Each structure stands twice: as C-alpha cells, then as structure tokens.
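For reference, the structures are reproduced in the following blocks.
Presented sequentially are two complexes of chain A, the first with chain B as partner and the second with chain C.
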Partner chain A sequence: MAEGAIKLGGKKKKSTIMDMVKEILPDGGNLNACLTCGACSSGCPATGLEGMDARKFLRMAALGMDEEIMKSNWPWMCTMCQRCIYVCPMKIDIPQLIFNIRSRRPRDQRPKGIVASCDMAMKGETLSAMGTSVEDFQFVVEDVLGEYQEAQPEFADMEAPIDKKGAEFFLNQNSREPVTEPDEMVPLWKILHTAGVSWTYGSKAWAAENYCLFIADTENWKKMLHQQADMVHELGCKTYLNTE
Partner chain B sequence: MISPKLVEVGRHNNIELITNSEVKGVDGEPGNFTVTLQNNPRYINPKKCTGCGDCAKRCPASAVNIINKGYNDRRATYIEYAQAVPLAFAIDMDACIGCGLCENVCLAKAISYSDKVKATEVTVGSMILAPGTKAYDPSQLDYLGYGKYPNVVTADGFERILSAGGPYFGHVMRPLDRQEPKSIAWLQCVGSRDTNRCGNGYCSSVCCMYATKEAMIAKEHIHGDLDCAIFNMDMRTFGKDYEKYFLRARDKAGVRFVKARVHTVTENRETGDLNVRYATDSGEMKEETFSMVVLSVGLTIPDTAVELAKRLNIDLDRYNFSKSEPFAPVETSRKGIYTCGVFQGPKDIPGSVTEACAAACLAGSELSGSRGKDIEVVQIPKQIDVTGQDPRIGVFVCNCGINIGGIVNVPAVQKYAESLPYVVFTDSNLFTCSQDTQEKIKEKIIEHKLNRVIVASCSPKTHEAMFMETLEACGLNRYLFEMANIRNQNSWIHSKSPELATQKAKDLVRMAVGRAATLYPMQEKRIPVNHRAMVIGGGIAGMNAALNLGKQNFEVVLIEKEPELGGFARKLHHTIEGGDIQEYIRKLSAEVMANDKVEVLLDTEVTGFGGYKGNFKTDVAVGKGRETRNIEHGVIVVATGAVEYKPKEYGYGESDKIITQVELGDLLEGKGAKDLETVVMIQCVGSRNESMQECSRICCQNAVKNALVIKKQNPDTQVFILYRDIRTYGLMEDYYKEARGLGVIFMRFNSDDPPEVKVEGDHISVITTDHVLQQKVEILADLLTLSAGMRPSDTKKLSGIMKLNSNQEGYYMEAHVKLRPVDMPGEGIFLCGTAHGPKLITETISQAQAAASRAVTFLAKPEIKLSAITAKVDTQHCVKCLTCLRTCPFNVPAFNTETKVIAIDEAMCHGCGACAGACPRQTIQLGFYNDEQITCKIDALLAGGM
Partner chain C sequence: MKNIYEYYAKWIREGKLKPSSDWNKDLKVKFTLQDPCQIVRKSFGDAIAEDLRYALKACVGEENFIDMTPNKSNNYCCGGGGGFLQSGFKEQRLEYGRIKDSQIKETGATYCVAGCHNCHAQIHELSEHYEGHYQVVHFWTILCLALGILGPNERTYLGDDLKGVNVFHPESEM
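Let's turn to the complex of A and B:
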C-alpha cells in the first residue's frame, strides 16, 4: 500500500482500472456499491495474506489506487471460490474484479508455475498440464481397469471407456491422477458403474485443469474450452461432467 | 404498554370491531364506499365468550403456537395472546379433533361448531389501510443457520423469549437445551439493505433500536454476566432520545457494538454453541463463540396485504409498500383511502402512531360534514339523590365461570357478605361482567333501593369503568361503587389452597364493604370547550395543522413571528425524492390564506397566557405596531420549528469554501456543480457530540441528496462523505445506494479521530483516516460542506409564558414517547414538526395532520367532563411548605401570590394522588381515595382478626 497519506481529490483521474472493469461486467459488477461491511473478508480464505483482504482490495480499486493494485500479489491468492459474492449484500462481483486485474498483468509477470502449466496444456491435444499424451492416458486407464476387474470380481464387468460414441456423460480428468495416483481414478468409475450410467473419457481434450483460467489467459482458456466442447460434440455426449 | 390501547379500542362506543374478516372489495367513491367483507368463522361467539379459558384448559388437541414462533404449543381452542381484544377464544379447525369437550364445558354457551364463512357489507365514508408488517423469514439464507441450528433465533422470536407471556415465561433460555445463555450475538440487516439474497434494498428503520433494547433487557433478565454483541454496518439510532439510549447501552451496560458483517454461522455440535468468524475494521480475522445468535430480521409487507392492495387498486412500490407522495405521506393512490404504519414504509412505534392519527385526520376531514351522525350516544338518566340515606349495600359475587367458583366457595362468600353491616342484598353470577348481568344488576339496584354497589370479581383496571356505567345507567352516582378483586389477587394465585382462598375472599369483601359505607356521591364538573384552536408557528407543520383544522370546520388562529409564512423550509429547495419545496410552500400558504376558518397573524408573538384545557386565554402582540389582542381558544398546537446549527467546528466562517448543507443547497440551485472538482462533506457537525448528544436525523439524507444533485449535474465532480454511521433509514437507503453507484466515496471516522481541515489558498485540505485501508488520507477539495445538525428555535420566552416543558436539547416533550407522540403533557396542548425533534418534511406533514386530528378529538366535544378524582387542599391547615409543588409530576399545585394559598386546579389535576401522599400535614385529600376511605379498609381487614 501507499507510503504516507493517500492523496485524493483534485481533478478526477481520466479512467481507473475499476472504471474499465465495470464496463466489461454486467451491471458493472456492482463494484461501486460496496457498503464496506466486510462480509466478503469475513468468509474469504485469503483474508490477511500479505496484509490484504477482499474489502481492502476493492477499496483500493474504488479509490483509484491503480499502481498499488497492479503491484499486489494478493489477486493471485484468490481461489475463485465465490464465497464473497455469495453473501455480499450488494452482490459485488469481486471474483470478476480479481480475474480482470490478473489479466491486466503482463503474461511474463504472472506466477511462473501456473503460466508454465497453462503453456504445457496448450501444447498437446489432451490439454494435460503435465503433458500426458493420448497413448499414455489410454494405457494407464486400460491397465488400471484390468487390475481392478481381476482383483475385485464384483467389478469384473466395470468399464472405463475412451471415445465411446453416444455415451450419456463425458467425463474429464485431472492429469495428476493418471500420472501420479492412478488408483484415485477408480472410485468415480465404481460409482458410475454402480449407478449403471453410460459414460466415456475422450482420448483428446480430457484434461480438467484450469491453469489458463487461473492466470487469466483468456485467449488460451477460450481455446481449451472450444477443444473440450468439440470433443464432447464429436462423441455425441449429452452431458459434460466437470470433475475439477 | 399496548394493553390500555387495546382495551380502549375494544370498549369505545364508536368503534365496531370486526375481527377474523377480510376486505374482499370496495365500491363507490370517497364519502360513500361499500365494503364487502368475508367474515371467517371463529367457532366461538365473541359476544358470549367471557374469556374464562375453560375451553382451552380442557381441549385435548395441541397446535404449534405461531405467535411464540413455535417455541411452545397451544391448544386448538385458543386465544392468540393474553391482552387480545376482543378477549374471546377461537377454534383452530386445522387442529380441532371435533371431540365436543369445549362445547360441554362452556358455561357461556359460546361454542358454535356450525359457524360458516359469511359475506357482509359495510358502508363507510373513508378507509384506512393498516395491514402491518411481517418479519423477514431468514430460512433461505443458508449461511446463517436459521432453521438448522436451534440456538439461532430471529429477533421477533427472541422478543417472545423475553416476554412474560412467551414460551419460557420471560426466563431467557435458548431453545436447544433451555439453558440460560452466557453470550448472545445479534446480526443486523438480515433481510434489509440486501439486494443480493433477498431483494430488500431498504433499511427497516427499527432493527438497530430493537436489537439494542433486546440486549439491554436480556442483560436485566439474566442472573450473572451476559455478553451481548451487536454486529452492524451502521448503528441507526436516529429517533428522539435514541442516541442517548445507544450510548447508555454501549458505555453503561457494556453492550458491544461490532462493526462487521458475519459471513457464516456454524454450530458446535456438542454444545450447541455457535461460532462466528468476522474480519475487523483492520482486516484481522476474529472468531467468537456465542450461546445464541439473534438475527435482526427486517420488516416486510405480508402477501395478504399485497393481495388486498391489488383488490383495492392501491399502487405499491417495488418493495410492496404503499406508494405515496412526499407531501402527502398518508394518502394512497386511491382517493378516500389512507394508510399508516409499516405498510406506508418501514417505521417505529411513535412514527406509526403519528401516522395513524394523520390518517384519521384526513379520513375525518372527508367526513366532517356528517360529524356526530351514525354514532352511539349514551343516554344517562337523572341521578337518584341518596343524601341522608343510610348505606344500603348490594354485593355481587362473581364465579367467573370456574375461575373463581372452581377454587373459592362462592356461596359461602355470598352468605358471609349478607352478615356484614349495611349489606341489604347479595347475589352471585356466573359472569358478572356479561351484558345480561348488567341488566340484572340494574333491576336489583332499583328493586332493593341499593345506594352502594360492590362487585367481587376481577381487576378494577379492566372492569371498574364498565360497572360504574351500569350504576349511572340506573341513576346511581358512579362513585358509589367498589370492587374486591377475588380473582387476580386470590383464586388465580391460591388455586392450591381453596379454603384459604375462600377465607381471603371473605376478607377482601369485608374490606370492600367497609369502604363502600364511606363512599359519597361526587359530581364531575362539566366545562364548556371553546372550539377555536391556536396554532403557534407558521412553518410547514403549523400550516398543515391549521389547514386541517380549518377543513374540519374549526376556527383557527395561526400565529407566526416572521412577516411571512413558510418557516425554515423557505431556505430549502427539494426533498430527496425530488419534491419542489418552494412550490409546495407557495401552494400551502395560499391555501391557508384562502381558508376562511383560518386567521393568520404574521409578525406576532405570544405575550401572556392563562386558562386551562378547553378554555385558554392567550395575549398576543400583532404586527409592527405590537397591537395586543386577547385570544380565547380551546386547544393549542405548538409548531415552533427548528433551524440549522451554525457550526463552530472545522473552520466554518474562515473561508467561503466551507459551507453548510443548506448553503450548498442554495449553491446547487444557483450556479450548480459544473465548476466543482472535489467536494468533501463532513457528517455529525453539531450532533452526536458532548454538547448535543442526539442525532439530527436528517443530515445523512441531506448529504446524500446534495451529493446526488452534484453527481447528476457534473459526473466528474468527486464527492467524499466523511461519516460516523450513515443513517439513510427506510426507503432512503435506495438513495444511499444510488450515490455509491455514482461513485460517491463514503469514509467512516471515529468521534475521537475527527477529520482535520486546513484552508490552503483556494483549496481546502481534509485529512482523515480511511476506515477500510486504515491509512491516512488527504483530500484536496474546492468545497467543504458541513452537515450541520438541527437546533430547536429559540422558544425560551414562549415556554416560560405558556409553561411548556422541553427536554435537555430544547425540543418540546410529548406526553408519552411511544403512544402519545403528538400530545403534550398538559391536556389540550399538541405538538408537531421539528419543535418536537428533528425530522423530514414528509414526517413533519404527517405529524401536523396527527396533531390536528388529536386536537379535533378535543374540539369536537361540546363540553368536557372533569374527573371528580382530584386533589383538594385544606387551605386552613396548610402550612405552605411547598412539598406538593415539588412532588406533583405535572406541575399543577401553585402558590397563589394574591390569596397566599396553595391552589390545585381541578381542571389540570391528573388525580394521581402523589401530593396527598406526600403532604406532611395531611391537608391534601384526593377525592374517592381520601384518608378515611383507605384507612377504613385496613380497619375492616384487622377487624376480622389476622
């Protein structure tokens, strides 16, 4: 935050970040409506990190403290859980404010790990942030399925289909499981099997990670969503089951 | 508090109560409406039901007690609450099992299972809609846990928990385990000031005060320490004397007021305690555990009222309050139909009572031509002369169903009464208060030539006046009556000891007989009423009061000290809703001048005063020549107004860049905001401080109003409002929201860290602390506006002449803050406008109409009867010690400097007896309660041998 007293008044600044974000959001995200009640901060998991919280952050935006806002790392600590807007008496869209401020930071100054994960996801056709290939995914799924069919006879006819046309559900999958904890995929398979529903993975665009969203890389995020939607359409699935 | 009002309404000759009914339609026009009613069955005839409660005692079917928010059960045969009027039971057919027990036990034969829905019609001249409010239901706010965690209750539920008539009989317990709570948190603005989760953008106006009150009462009721915390955004204690109450709660009683909104309430499953987490002003997370959480739920309009409005073609606003214009607050969109209370907009009890009187005023002026028609007039026969007769006492002992008779041996009490001196007749009745028993009593009085009557039954508080009327109706003086309370003070409390209760009933009857023998007829003095009103003050309040009295055909003298009408409002331009104040004053004063019943005296002051209610005599000096006139009038309406405080703070007067809100109003009306870059406003200037503790009520909306004008004239002007609590109560909250939406920045400061103001050449620099960032802020402004509070007009001279009491702030005092907000303590004197306390123009108008209405109830009488129960001084033995002058709460006893005696004016005496008790030489006697009439009761008690 600013050193010494915050200088306000005088002639109105041309346009602040908040003005710009307001233009993008429906109803301006109600960003001006803050009663400073603190309900957002009271329920936010990031309150107090770096001495900042949602109410303070919105206040800085309202006071036109753009430089401080752009410098702050706090927006990167938001989990986008939306607990703030859930109870806010004025329905102020703090998550959208945070997202739009993230997107204003030059890409090379955004958190490195997340940027790298987004980049990795954009490289292959699986969208996996861990770079998992179509073949590796297929192998792991079939291998794990086989193990369980054998070891647990009650699940002998359980399926874990990939690219099954006309399945009811398209299931996505965080790539951490097939790569590091393959057994973790199975409980959901069991549930779907027991429920008797028809589902499928895609061989492509199956990865569920949202890193491009987290770094507010709108363009790549949009590309990813398109690829996922195309895959769902190609298989003729009715419902996209997002597990992330 | 509400009980006497209920009884008065229930007993009033000219009020017909039609309960359990809905208005289905209204035809016709103002002056002649036909109203179609649907009368729903109650299955118990309220005319026959005596309220004894035997039916409910026997009823085997239970139902959830809705009035106690479901914290206990009631029977299917029930009465909603103990003070209900009419005091008659009803059957809840959804719960009734049809066993027929109640019909069997009802001695009054009031039960009628075959009751059906009926349609009836009534013809009326005007209508008042007062459908009231419903507390917001917080069940949908899942994060607060209401309905999930038993110890989370709503404020109206907590109100019942505190009530002696509530589910726990006034013992403060939490619902889960009936344990006394150790700590309670109130969460404010649940269902108010929230456009996200409930759509109620308005402020409910009353929750800050009721939460504070509930905390204070809870602390009183609980043995040991109770921690009370009120979580709020702004404390809105803006009413008369409310700020003092808030300070008392905070500083004396230790109620904690926490500026925070809690996100989620969670429950500790083992203890039932509740955890709340919140961020402090500095952004620090805190977690606290409370035994109970009370949700301060807002006021909403019930669906039934919305449907009623639709059927009646009444326009509602977007929150379903009745739509009204700023200068016509109690009028609905349909002519001849008026409204009051929360249906008009969120408000507290004094505001509701005021508006109720205002609605009655307008409803009445519509009908003033037919005043006195269609009303019941009681004919009283000539009084029987009992002078010289020995006492002939009749004693009527009541069974009160089985209330008395089930415990006390009534035949034995009756037989005992026969043996007492001067008793010539005794009787016992099932219900002595029933209509047919009144007829029987009258017959017996005449048949046995009774000249004293005793009823041994219940409380004189509720029944004495009725029995006295029975005496009058057969020619017996009403003061030849005495009661023995053998129910409330006997059978109810000694129900486990019937023999002792019978003995005590005998003692009480013997005492009553002893006293009855000492009673003598007393005559109530009748004095004529002068039908002219005097209104003091020609502002918006005085003009409205005068005009409404004129419209009701009463002569009015309106006195204004300035050479023109309008008062302080002449300096104002627009209301926050946009109403043109100047145009309103022009029209209003033209209407006042044109009304031939209203005489306007400008440039006039009161110079002398005398007389009493109904017959005042006031000297005034009129015009430049100060010509003296003596005016005789029956009532006074005080409307002397208030002015804007002239600040001593924040450099006011040092620069023409530092002005008040009223001056800013002029500036915006004139050259406007186009040259302004930054405007800073500071709130609470001359309010809520050591020299003026009270909140001035109007300044927050004034600041918001002017900020909106600035922003609309010039969106580039930056506006900062430095405040302590924003108090845009009621529907004005929408304007506060609009101002924020237009970019006005609101910054809260603490009273111990006020903003610093420096004049720097052409600019003003204001240094304060931003309450959110907790950082110093320096604002460079080209204009600083001080929200200067209100001060009552200087009325010291007037108050001295007319002996009118004011509070420590200088505002005139009303007779009762809640129930009589426009009556002054002296009878026949009424009060309205800002002379009573700071208020908005809209509120001033309804209060002025209310004062006119109250004045009419006085002026409409040809004469008034003075109670014979007044104090008299035995001037021969009085030593003029002046104890009575110091004791009387109404300042009635006076030392007459000419005759050198103490005089108690019987027209002014309230009959409380305080002076009679205090007089060290017993030279003051109170009629009907003189010393002998009290000591004889003690003698009679002791004569029985204790």
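Let's turn to the complex of A and C:
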C-alpha cells in the first residue's frame, strides 16, 4: 500500500491549465479551495448554457480536463461579471480563470466580432472600435455644438472642447454617439456646462470601448491604456472621467 | 480614474445642478435602475450605487423609483458585458438575460436606466425579445429632463409618454 502511494506521488504529473493559471493569480486565485457549495452557480445567469455552470467548470479544470474546457464556448458566455466571487465563501476567482482560458485560445479562434472590434480600435489613434478618425470626431463635435448653440441660446457659450490643456476632467466617449446618434452627446455637454465643470475630450484616445480586454488580448489592452494615460498627461488633466 | 455617476450626485449635493422631479408628480412614471457590474461590483462598490440612486431619485421623485432585487453589488449581470454582445452567441445571450428581464418586469417600472452602453444595448434587446416593452434610457437624458433642458431631438430613448414632457425649445424639433 505505502509503496504504491509513494510510487504514485513520485510520478511527475503533467501541468494542467489550472496549474498554470494558479501561478499567475495572487494566492492562486484560491482555485483549490472550492467547497462545492454551489453558491456561485445558483446565482449566475450563465448557469445551464452549453450544459455548463461555474462550479462544474472549475471542477473540470481542477480535474485537468484541459481539452474539454478549451473546446467549450462557455468562457465566452460568462461575462466575467464577478458575482460568483462576490458570493463565494472562499473567494475563488472564477472570472480570472475564465479570462486566462480566453487568452489561451489562439487569437484567430476567438469570437470574430470581438476580435474585429479590438483590431479596429488598435488601427487608429482614437481607439474607436467603430474606426472613427481624429478628423471625423472633431468635425461631428463642432458641427453638433454649433447647431445647439444656435437653436438653444441659453447654451450659446457652451463648450465641447477637444485637447483643452489644463482642463480638470478628461472625458472619454463611446463611439456609438458620434457615429450613429450625435444628438445624444449633447445632454452630457449641457450637464457639464450647467455644473460649471472644466473638461475636455482628447483628439486621440477618447474612445471608451474595451474590446481588447474582452478578447483577452492583454498586450493590446495595455497599449490602449498607455495611449489614454499619455493623452491625459499631455493635456495636464487631473482626472480621467469615465462616462459609463 | 473616476466615474461620472459619483459626480452627478456630488454636483446635485453641492447645488451646482438643481434637478426637479415636479414633471413626474402627476405622471408618476416609474423607474428602475441597472447597476452596471463594471462600475458597481467591479470598481466602486455600493457607494457609487447609492450615488446613482440619490441622483435618479432627485430627478424622478423618491416614490417613483423601484429597485430590483437583488441590487447594488449583489446585482445580476444583464448579459451585455464581457464582449457577449459581439461574440455571436445571440441565443445564449438572450437566455442569459432572462433573469434580468424578469427582475425588471417584477418592478413594474416602465423605464430602466442603464449606466453603460453594453447594458443599454442588451436590456433594450431584452425588452423587445421578451416583450416587456419597457424603455431603456441613459441617465443623462433623465437628468436633463429634470433640469428642464432636454430638447426635442435628444429624446431618442424616451417612450411616447415622455416625448412631449418638459420640452426645452420645442420649436427646434427636427
């Protein structure tokens, strides 16, 4: 008996995906501490999709069922919303496990729509996932602003500045408004004007979209964050203000 | 790195913004609120969720705000996050959102304020797919409505019941 046990223990075990992820995460993401209580799965909207749930997925990872978990599309149906870790008694980081499994898929096999949006964002200086250029953004902002200054005289001296040095707030902007519904930018401008706030957009790096993060493309995601930080510093703004 | 929802509340508390809920005194239009996972649970916690509620109540009236259960840091994700909207798994995404749709329907609210674009798009689709026909709005729309500065062309997401309420410069309608 004892001999057998020693023999088994001495055999070199193949390193699983779960082992590798545990090495990356602080405290190994507590991935080994599961009590199988099911609190995660019972409060997760992704439970049942593809016949999978959070607890089962973690279990499969722990058992080294690497092929199955890499084949599964479930990691793209978990939104990494963190409700499971919020309710988990052992604070097991399932969302980070999912993120790392997303990042292990060859890039060309990750969902095309998200990949395309990340690629588009990385193509230009604005980081817009819809491909809005510096010039187009500037044009639409100035055009809409002019219209409203005229139509609503109470806002004749309202501003929507781009690259205003020393403004307190650097505002980001989702591409959806300038591209498809420019009038929807105006309410926020009016609020900022009424509150007497000093703010600016950047001509570059203004877009608020996070697709490179969703696609688990850490390298490009870091590049985006750097470009945003550079723009904020260049303008000397105190605060990066996320508008969503 | 800050989030604007904290500032809306701050500016109202400081008197820099003075929204009024009078427009809704007789109408009694009911509002609920989606706590975006990214802003609340994952970043700023219950404090910003309280700020959001404070600001929204100032705009629509305390009695016209109905919370979902559970809420704040314990809220369910709507299914619009993490790239789900662009992933191509539409059927699964709508199934994921079933809980959110039921939560909203249970409040009886006809408007759901969504603080992020992904939530906005997903909940809008849920409203149509599961035929709840509640409206999904950005907070800036409701704040401007309550400040009396929301023009006729800034009402894309308001339902017919509110298209003509408290209109700023109605003559500028396009």
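For the reader, a short list of remarks on this structure follows.
What we mean here is this: the second predicted complex is superposed on the first by the 230 of 244 C-alpha atoms of A that agree within 3 Å, B and C clash if a C-alpha of one lies under 4 Å from a C-alpha of the other, contacts with A are read in each partner's own complex, and residues count from 1 in each chain.
Here is the rule we go by: a contact is a pair of C-beta atoms (placed from the backbone, for glycine too) under 8 Å apart; a residue touches a chain by one contact, two chains touch by 3 or more.
Only a predicted model underlies this, so the values are computations on that prediction, with no experimental measurement involved.
In the superposition on chain A, contact of A:63 is made with chain B only, not with chain C. After overlaying the two complexes on the shared chain, residue contacts for A:111 are found with chain C alone; chain B is out of touch. Contacts of A:183 after superposition on the shared chain: chain C is touched, whereas chain B is not. With both structures placed on the common chain, the touch criterion links A:41 to chain B but leaves chain C unconnected.
In the superposition on chain A, contact of A:50 is made with chain C only, not with chain B.
Judged by the touch definition given at the top, the superposed model places A:33 against chain B, while chain C stays out of reach. In the superposed model, A:154 makes contact with chain C only, not with chain B.
In the superposition on chain A, A:78 contacts chain C only, with no contact to chain B. In the superposition on chain A, contact is made by A:89 with chain B only, not with chain C.
Looking at chain A, you'll find residues 43, 48, 83, 86-87 touch chain B in one structure and chain C in the other.
Those residues of chain C that touch chain A in the shared complex are 1-4, 7-8, 11, 16-17, 36-37, 39, 41-42, 73-77, 79-84, 86-89, 92-93, 95-100, 115-117, 138, 140-141, 143-144, 147, 149-151, 153-154, 156, 168-169, 172. Interface of chain B with chain A (complex): residues 143, 189, 193-197, 233, 259-264, 277-281, 283-285, 677-678, 680, 716-718, 720, 737, 740-743, 745-746, 748, 766-767, 770-773, 775-781. Taken together, the chain A residues at the contact with chain B in this complex read 1-2, 4-12, 32-44, 47-48, 51-53, 55-56, 59-60, 62-63, 83, 85-91.
Looking at the complex, you find that chain A touches chain C at residues 43, 45-46, 48-50, 73, 76-83, 86-87, 111-114, 116-117, 148, 151-152, 154-155, 174, 176, 181, 183-184, 186-188, 190-191, 194-197, 208, 211, 214-215, 239-244.
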